[in-house]
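You will see two complexes here that share chain A, one where it goes with chain B and one where it goes with chain C.
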Partner chain A sequence: MSASPSAVALAPPHLFEQVGAVARRSVMRTVRQRGLLVFPLLFPLILFAINGSALGAATKIRGFPPVSYRDFALAVPFIQGALFVAVSTGTDLARDIESGFFDRLALTPLRGSALLAGQLGGSVVVACVQSVVYLAVGVASGVGIASGFGGALVLLVLSILIAFGFAGLGALLALRFGTGEAVQGFFPLLFVTVFLSSSSLPRNLIQISWFHEVATYNPVSYLIEGIRSLIITGWDAQALALGFGFALLLCVLTLGFAGTAMKNRLVRT
Partner chain B sequence: MRRFVYVAKGVAWRSVHNTLVSPAILLPSLIFPLFFLAAFAGGLSRISDIPNFDYKPGYTAFQFAFVFLQSAAFGGVFTGFAVARDFDSGFARRLLLTAPRRSGIIAGYALGALGRWLITAVVITTAALAAGMNVSGGGIEIVGLIGLGIMMNLGSALWACGVAMFLRTEQAGALIQMPVFIVLFLAPVYVPLRLLTGWVHAVARLNPATATLEAARGLIAGSPTKVALSFALLAGGAVLTALWARRGLASAERAG
Partner chain C sequence: MNSSSPAIEIEQLVREFRKGPRAVDGIDLAVSPGEIYGFLGPNGAGKSTTVLMLTTLLPPTSGRARVGGYDILRQGSQVRASIGAALQEAALDAILTGREHLMLQATLQGMPKADRTRRAQELLERVGLTEAADRRVGGYSGGMKRRLDLALALVHGPRILFLDEPTTGLDLQSRSALWEEVARLAKEEGMTVFLTTQYLEEADALADRVGIIDHGKIVAEGTPTQLKEEIGSPTVEVVPADAGAGDALAQRLASFGQLARNGRGAVTVQLPGGESQLAEVVRVLDQAHLKVASLQLHQPSLDDVFLAKTGRKLEGAGEDQDERQP
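On to the complex of A and B.
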């Protein structure tokens, strides 16, 4: 027995269609705000250009890896870029909540998981563009990738995974707090996690004991070291395992909590 | 003149009051310099082991000079954000309508920036001293250091006010802070000028912020250097940025 025409008309679109529709909107919104893409793209590169040269003397410290400081520092823009992805994802999502768009979506058959996955679509596009640009600028400025072409591809995968995890964090903040101002207020806190890590010197060369402890317990250190190992060491299984491990953990935790927060918000609306 | 002072006092009081009652405004201006101090003085302290790095008071004091001046500059930048916010909310337009002497508005915002920065300066100085910073300079040198901070704060506040008044939107934030950020970081932040190499060395030699930073470090070390040059550069910068801010105000007046 075939379904009646009214039943066919009421059947909700498949999950992939739902994700695709929301993702398309997210990507289009990101593309239309090109001006807002410039600052997150440029800022980490400016810091890389300045610090790569200004901290060149650090390579004279005994025990510093036998590479130029630019090689050592190239991992940092990938993480800083991921933080900007977190803030832009959270701000966009918060804007949808504040403008009432979310309330209207709650009236449709759209699934919460599709909404979350779709919203992160734009973030992945930004993360891909950023990662490729950072890598290209690094290589153009003379940085060699010790792990070769394959390592560069793995580096891109890891950096996009990290950005995806941070995008999940931005989404979580937006869903929990519901305002763009609150999401932006967390940016300094996120930025500090980069400063209080092994971003500027290898952990074994950090002299101040409390800083060394903080950097050791700070997962951002391992994300940076995972990317850095591909640039300056080659294939370092331990650094990569820790880098991918923490990146996956970040994704699982932030997306898991964001999923729960999404359900709660859709129930509330 | 009385009307100028009346407007300036009102705007300055409001600026400082808003800072004190709103943690969202106060905390970033306190937290950022503190974390820069922790990250640079703590995380990079091994830099002082580099051959020919001979700054006697130590690396914490070396970085404190930078963070002190940076906090002064960013005290001005954050005030620019507040001006832009006032335009976005419509408050600034009402202020332009009611102020009997509009140039007092700029002076008020600049005074407000100074008030905000003094709070930050006390906090980061206390934190640096608590972290064991050595200060070899005497009373006069410390007064000189504070003077450098005040002049830096004034110049950046006037720059930020000008940009905010020209653009009259919070989206001007990046344009307000990026030039200040870049000028500061193109000075010898991590090592003395003579230890810099490459293009950063070439740029830092020409950067006016370099002389100011070296003067601040010299004052903390009790061996003043380039102090007169720094004050002259900062005074020249303040005059230029005052003209810039005045043109920004005129642009806002024309826009209504």
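On to the complex of A and C.
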């Protein structure tokens, strides 16, 4: 049989080129669907504005850190934004699975790891934009960063790492269940974990014992406290170690399981 | 693969799903290089499952298959490099433009950067999407999506093309445009095409050879002409004026030959004696005082072949199901 005249002998593309192509598509999709950018940006900022002014009286509780409630609350939008990144990453991937686009990609020499990394790479770009906006809005509203400029940079790194870990969770849910509904179904559950943490009050001031217990065992508390320490305390080695430690653990676990789920989903002989 | 060996060769291919019957039940077939092979059958017959196995996206339960000379189980990546596939329903990203799809596909296929733009433009022109190239796919018509789907399958210049129900849901004009392009690919570029369809006229118009699949088994195979000649006799379809008279109608017509019941009491019966038996049919109906709304004589078609081999009409014979669900 003669080959097609236009046939080209092709070598499999380099891994970085594959990741770049998938990430570029992921970013392009997000940028073109403004709702995916605007709402994850606006919603945490609206909650921050409401809590910052409505819960100001909490600062009068004995033992509350000597800062405004707005300073205290600025850490929360970074986590809420990371949850939105998880949902959009998972929904995008699930949509590809449902529409058959995933099969189209599976028919190319694309490696599963490149597909996952590319998808998450696009999410990280979105997370970067979100984090910079949250920080800029916080500073513009009068929040001071106790750890200074260097601390602000570390804060951005930590928040992006957290978003990366949650994006991995979104990808894992999409690959495991294969539907956008399943991914979105987990969103309220994820949101509850933020409320059952030290997002509204320092842990030592939570009086209800079960809430205190849950907040202590909830890793989200340590993610928030890591970010918060840079804003209100300065350089707190323990809070940063716990924050980065749990963020890295989240990344390792979600990416590890997502990698396995990708292998199972991307069945090719 | 040398020029005399089949482009696609299947031996006793089986796919079993948990909690279900065998979707593909031991099929054998061979497709020659440059041939258009039509895989015809109703929904749920096993067509898409076969395509998924041949394109390496679904492992078979047992059996062997070689595509482009490569074993689908042991040489999956070589198989994928040799084939292009447009699977059921155009799998496109509504947010991207047609050109962006082609550029992404060219990148992932490993095409050198310098060639990607040229190849994308070449394919856009070939499938008539030049003007719509920079519009988002979400605004494309069904026909445009299918043409883009075809272009994407051709990016890396495959030798074998799998098309899974490529014209389902398309209007007549889009359908014939796609047929023309598929025929051209086989004739001018020597491409082997494995086409699944539930449209008889599609198989009839395009395929050099047709395999009819039902309940996972190939029940007939040959050129459309051979298959129709095998059946040989025409059929007559009788629609009673009263839909409730279907049973009485079937009873009267059973003596002529194999019959099939259709909707609204209609009965189709083979006339082994040829068209001359039509007068006799009319006489029988008249004697039984059965009022007829319409009576149509059909020359043998692939539908008749399906009827003869399965006892059912192809239209409405299957049930909608996702053949990939375990």
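Structural remarks
Basically, the second predicted complex is superposed on the first by the 258 of 269 C-alpha atoms of A that agree within 3 Å, B and C clash if a C-alpha of one lies under 4 Å from a C-alpha of the other, contacts with A are read in each partner's own complex, and residues count from 1 in each chain.
Keep in mind that, in the parts below, a contact is a pair of C-beta atoms (placed from the backbone, for glycine too) under 8 Å apart; a residue touches a chain by one contact, two chains touch by 3 or more.
All figures in this text were calculated on a predicted structure; none of them were measured in a lab.
In the overlay built on the shared chain, the residue A:A237 is in contact with neither chain B nor chain C. In the superposed model, A:L105 lies in contact with chain C only, and not with chain B. Of the two partner chains placed by the overlay, neither chain B nor chain C lies in contact with A:A140.
By the touch criterion defined above, A:I206 reaches chain B but does not reach chain C.
Those residues of chain B that touch chain A in the complex are listed here as 24, 28, 31-32, 35-36, 38-39, 42-47, 49-51, 53, 174, 178, 182, 185-186, 188-191, 195-201. Against chain A, in their complex, chain C makes its touches with residues 1, 3, 7, 33-34, 55-59, 72-74, 76-77, 79-81, 83, 85, 87-89, 91-93, 95-96, 100, 104-105, 107-111, 115, 119, 122, 136, 152, 154, 156-159, 185, 189-192. Interface of chain A with chain C (complex): residues 1-8, 10-13, 17-18, 21, 25, 28-29, 32-33, 96, 99-110, 267-269. Looking at the complex, you find that chain A touches chain B at residues 39, 43, 46-47, 50, 53-58, 60-62, 181, 185, 188, 192, 195-196, 200-201, 205-208, 210-211, 215.
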